[in-house]
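Shown below is the structure under consideration.
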Amino acid sequence: QGTEDIVIGGSIPMTGVFAFAGVGINAGIQDYVKITNDAGGIKGRKLKYVPEDTGYKVDVSVATFKKITSQNKVNLYYGDSTGFSKTINPELERNGAIMMAGASFATELNDPKKYPHQFLVGPDYTEMFGILLKHIAQEKPGAKVAFVYSDSEFGRDPIDESEALAKKLGLSVPVKIMTPAGSVDVSTEVIKLRRAAPDYTIFHGYILAPIPEFITQGKQMGMTSKWMGTFWTMDSSTVMKMGPAGDGFMGVMPYRYYYDTSAKAPMLDKIRAMRPEYQSTAYMQGFLAAMLFTESAKRCLEAGKPLNGTNLKAALNSIKDFDTGGLIGVPVTIKGNSIPVGRVYKADMKAQKMLPASDWITL
Amino acid sequence: MRIGTLKESYIADAALFDSRTQKTWLAVAAALLVLFPFMASDYWLYLACLVSINVASATGLNILTGYTGLVSLGQAAFMGLGAYTVAVMETRLGTPFLLNLLAGGFVAMLGGIVVGIPSLRVKGLYLAIATIAASFIAHFIFANWSFTGGTGGLSIPPASLLGMPLDTSFRLYWVIVPITIVMLLGAANLFRTRIGRAFIAIRDRDISAEVLGIPLLRYKLLSFGLSSFYAGVAGGLWAYFFRVVTPESFPLLMSIFFLAAIIVGGMGTILGGILGAVFMTMVPELLKLVFDLLPNSAEYTVFLSPVRTIIFGLLIIGFLVFEPHGLAEMWRRVRRFFHLWPFRN
Amino acid sequence: MDWAYLFEICLTGLSGGGLYALAALAFVMVYKATRVVNIAIGELLMVGAYLFFTFASMFALPLWLAIPAAVLGTGLLGAVIERTMIRPLLGEPPISVFMVTVGLASVLVGLVEMIWSADQRRLPEFMPTQPIMVGEAFLAPKVFWGAVVAVVFIAAVLLVFRFWRGGVALRATASDQAAAYSVGINVPRVFSLAWVVSAMIAAVSGIIVGSIGGISSSMGVFGLSVLVVVIVGGLDSVLGALVGGLLIGLVEALAGSYLGGEYKLLATFLVLVAILMVRPYGLFGTHEIERL
Amino acid sequence: MTQPSTDHVLAVNNIEVIYNKVVQALRGLSLVVPRGQIVALLGSNGAGKSTTLKAVSGLLALEDGTLDAGTILFNGQSTAQHAPQQLVRAGLSHVMEGRRVFEDLTVEENLIAATYALTGRPHTAHGAPKPDFDLVYEYFPRLHERRKGLAGYLSGGEQQMLAIGRALIAQPQLILLDEPSLGLSPKLVEDIFTIIARINAERGTSMLLVEQNATVALAVAHSGYIMENGKIVIDGSAERLASDPDVREFYLGMGGGGEAKSFKEIKHYKRRKRWLS
Amino acid sequence: METKHPGGSPAAPLLQVDGVTLAFGGVKALTGVGFDVQPGSITAVIGPNGAGKTSLFNTISGFYRPTGGSIRFKGQDITRIPAPQRARMGLGRSFQNIALFRGMTVLDNIKLGRHAHLNTNVLDALLYFGRARREEAALRADIEERIIDFLEIDHIRHAPVSALSYGLQKRVEMARALAMQPQILMLDEPVAGMNREETEDMARFILDVRDEWGVTVLMVEHDMGMVMDLSDHVVVLNFGQVIAQGQPAAVQGNPEVIKAYLGSGDVHDLRRKLHASTPANAAGVA
């Protein structure tokens, strides 16, 4: 066994449209690396984290990957987007030494055959919808659920499969509305939505806009739908920005929020000790990614296997009923490329907090 | 007969590289290009390939916009056409690498010609905006057609040449760079003949060109076709280089990037297209290096991307305001300064 | 056929088109006087919205102060832009100036990201929230009031051009700058004025658009639709801005609701191409005089 | 050379002009325009006639030219500190080479645009100075007929009329006229020059007239200058110039005996001018 | 270059304009214009400004489609043939408002004139081998030896045209028109803006082109001295109609032509006539 550092490379969107997430992810990885190193590293080997900013542009991410991997012996990598994950996949297979996780929850990536060296740090988007639909089916059997999503790979990702799933769960999907990327004025879409009179509306493929406008106009028109979102909308600070429209907004979240003290969570305590101010869900994502990286590397080294993509991934898949220290409320098992666990949270504008609205749901 | 110069013949007068100085420097450059892959890291090789692809595409746009005066904001879309053609042929037909590239070029060329049809009636910036329409229509097709893999796009196995998979930057370098050089020579030759002259005439004043014997529609379409052929081949190379194409791979911003490249480099000169593409591709990378050199650079990282965006804009503005003829003109001035250095005699 | 639905959609589309028309007006002002195709129009909107955000949300100024402050601030920016990057290019070919505005767009986006970060934000609510009912049809209040502001502005500009010789000065300057000088027109002033007014209209437009859709550094995308509008209407026509805006608003609404969101852009661009094929200078644009 | 005095509406003294920082177009040129007179400026292509006018009216900067030395006095005051539009408003109008009408504007709008020249004019006994469109239409009835038409579609002569008409709106003290006869029919040349002379005679407007048609130019001018290569080479009264043998040969096309030469008899392309040697 | 006479008759005109009518919206630029151009002649078209002379040229060279009438060149009806093809057939021209290509050198501008007679295709051009190379070399030699030499513009051949003075630009226009290998050379106001001396040079070139190259010349010009001295046949247009044609001397004496176009010709004592009574004259001459 060598004593050289184990390197985690990172194409991190510290700037650009995804900066709000990148900054959190970066801090999360950093913190977990520090915790590990302070505890003596992995079997005597230190972790080294080498991030670079990408501005959330695929070509820059690729260049960053090339730069970091040609300057370091990299075994673990964090990538910033679906596009990057797909673009770099052939290179990962060729390189062979690296296991990668990233900020993308694209359904396509949840395929161990096509993406043998990658994994998702949570449920994929279809699974997120699954969790929401399961919750809806329980809360109001036979409900009408509208899907509103953006015209992008991100937005379209879970729609078709989720519609099928909704049917299976006895729900109906009276309308699916796709909005062009970057559109601001959604009044015609709202009219269409109102006509469908859904009981639930799930937004996907957005961060914030145009969700608040949808809700405001919908409410003005007398809609009674409940409004829901997926992971990247669900950070506490994002939902709070919705203002009055955001009250009661629900969505799926695989991790506990920073301020969630409802159950024992030693890791969250540690995070709160390290960083007294609120940390985003993206932070949690980065933190958990680093945790799983470390666990896989540890298992690899313990088994005396060289660190490479195949071994690391096998180690990851050997994880069973793993305790994340409370970041995820239930023990996790990683069979394939994702962690299909989550919980529905609901915004409470008075408390300025996201509060649990369901139990942990495992698919 | 008085020619007034010391050229031996008119042929020599029209040669691309005539002086001994030029030829020597050319040899030096060629040697550097050959040695480069053996000295550079994977990262630099990656950049070299990217630069080379961009040079090819920028040169194509230069033919259309710099020489023929037809402003196009569709260059990325034409690259996309080429890339998708290559992707589809490679994944579904498994035809050989070079054939796919050529097909990519021709499909893009066809697209270019179709987009060029309004150019007879629609002029100037009206036309430029109309070419944006082409980008969006192309995007729509890529994203909504199952044949092209929808929003998810297509993944492409490595190209193989003579049984060797071209799966590293090092191997791709030996294909991409020579192809680019061939395309550059082609473009340079073009402007020594009646075809290139006709393009320039159309740029300068199309209605009088017509009366002087140049069929406008044919030549405008030819220019669109050639330019998008270059874009298509560049897009094909791009596809083999990144090995995945998605509808988002060729955004409008990329078309703007190429337009910026030829402006910064110098419109209407081959050298300008080269210098511009190299410069604009390298600036963000160099900027990153500069940032890394700053004391406690980590603190400023959040500013890197905005700064990059600002610098991209400032470069365009700065060149237009202070050096409208671009890097090519600066280069000429430097050359005049050194004159025949080091072969002064 | 659900006529009520169609009516509701058309109404909403037309009002949405009003927003396009206002931004298009900002564009046309500059083009009319300087022949500059300002592709950064969306970014100017963005700056106006961000300034409003800063004054209203961060400095907590009252609305009646925050709006004029944002509008004036953007006007000032317009003046600076004109002075530093447009005037030095007097007499350069149109594509050069066009590209300068491309650079400008990039600089503005970078600045906004640097100062305010790229995060999406919401503007404070300031428009009436009482829904507008036209018969059975429902119209979102913000969209309605936005359209009203747009129409008022356009009507005002049309009147001004009709009764004020400044309109002639504007067009004269655009037609031949040297000749404009030679008849005593203060060309630099015309240039500044056009840019300042345009930037101010853009700011108003940006505040309205931002209050509907929220603001972010990618808000400039709105400018793309505006570009379509002005091409359809004719680059130098105020009336064209109005008609083009309404038309594109309508087309988008119809395509979006009957075909699906992915068809919105496609439909507008197809309309654009169709109109250009029939009328190469848009619906109301001035034909370039070409003589041998 | 006459010394500048207050009788001179324009006095140009030893000016040098350089284009694009390299091409020197004027090399120490001096001339004066006495108040109320027409002064002709003749010279071959590229001699710098238009450049001289542009230097006076301040339009040089638009073409990347700079006035590097010398002074220009309009009504005894230096023009150096004034922007072109200020000079126009002070009464110095420039009718540019190639007519330069506003093509996208109608004839009438062209004239309206020209009213900007009256901005800031001191009030007269009759109040603020008013643009006199009728005056223009009276001199050029043809413009009245076409007043609603786009200027871009006027014929060459009509455009020339419009350009002069625009200058008239400004009620100037001095008009710089650059080749008003360019491309005009003989009759129109005669008409335009008659009107030029009338404007001068009736309104006392001074003019600096650049012309290639030396015959008409010397016919209406009081005095004249001939320039070559950015310098004045001959000056004098119109009569004196018209009788100078070189001027007669090179500008008026007369043979040695005073009779008009036929173009058919010209055998050589190149001859030497005596004043250059 | 000898002009061929179709049908063997030496009197067959090279160009026949017959009843040509052209309208722009409401404006009638040409109405039933008809005249012949004899091979080897110098024919002048004169007429007041806006009479339609340039429009006539544009119609002959194919830039405008006439609304009526026909144009025959070398006996062939070319009314429906597009402009570039007419250039190839041997219609060469220069432009009233100089239309040189400002982004090119003088040499390239002239080479461009030959465009229609060259055969290089795209593939040849990209490779620059074989045909393209040969053709370019031959073209360069021909232009150097025949045109540049003839018009004495060898010192500016590599200069960008934008740096040339007006007179030289006119000369380059002429060179480009000659490079078109025209059988009929159409010159639109070749000496406008030139002084007497330069006009004489140009007149000499025109005569030589006709005499030494055998090219037929059709020109529009307002310089009556030159028109009367050079031309064999004069066509007078007014308001788009032919009001007179014939020998120069005959046309010059035609009262209608004098009224519409020539004027009294009595400009010499314009000043004396007008200034005699005005005070300005009293100030004397500088």
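For this structure, a couple of remarks:
Here the chain labels run A, B, C, D and E in written order, and each chain numbers its own residues starting at 1.
The rule is short, and it goes like this: a residue touches a chain if its C-beta (ideal position, glycine included) is under 8 Å from a C-beta of that chain, and two chains touch if they have at least 3 such contacts.
The chain lineup, named per UniProt: B = Amino acid/amide ABC transporter membrane protein 2 (HAAT family); C = Amino acid/amide ABC transporter membrane protein 1 (HAAT family); D = Amino acid/amide ABC transporter ATP-binding protein 2 (HAAT family); E = Amino acid/amide ABC transporter ATP-binding protein 1 (HAAT family).
Note that the structure is a prediction, hence the values are computed from the model and not measured.
Counting steps between touching chains, the shortest path from chain B to chain D takes 2. Least step count on the touch graph, chain C to chain E: 1.
For the pairs D-E and B-C, the larger set of C-beta contacts lies at D-E.
Centre-to-centre spacing of chain B and chain C amounts to 33 Å, using the average Cα coordinate of each chain. Distance between chain centres (mean CA atoms), chain A to chain C: 37 Å. With centres defined as mean CA coordinates, chain D is found 44 Å away from chain C.
Across the assembly, chain E contributes residues 58, 63, 95-97, 99 that each touch 2 or more other chains.
Contact with two or more other chains is made by residues 153 of chain D. Contact with two or more other chains is made by residues 15-16, 19, 151 of chain A. Contacting chain pairs (ordered by label): A-B, A-C, B-C, B-E, C-D, C-E, D-E. Those residues of chain D that touch chain E in the complex are listed here as 2, 7, 23, 32, 34-37, 39, 42-46, 98, 153-158, 179, 182-191, 193-194, 197-198, 200-202, 204, 212, 214-216, 219-223, 235, 237-239, 250-253, 260, 262-264, 266-267, 269, 271.
Contacts from chain A toward chain C in the complex involve residues 15-20, 151, 177-192, 194-195, 207-210, 212-213, 217, 220-221, 238, 241-243.
Interface residues of chain D facing chain C in the complex, by the touch rule stated above, are 57-59, 62-63, 83-85, 88-89, 93-96, 100-105, 109-110, 112-119, 150, 152-153, 166-167, 169-170. Residues 291-292 of chain C touch chain E in their complex. The touching residues of chain B, when paired with chain A in their complex, are 41-43, 46-47, 50, 143, 150-153, 155, 158, 167-169, 242-244, 246-249, 284-285, 288, 301-306, 308.
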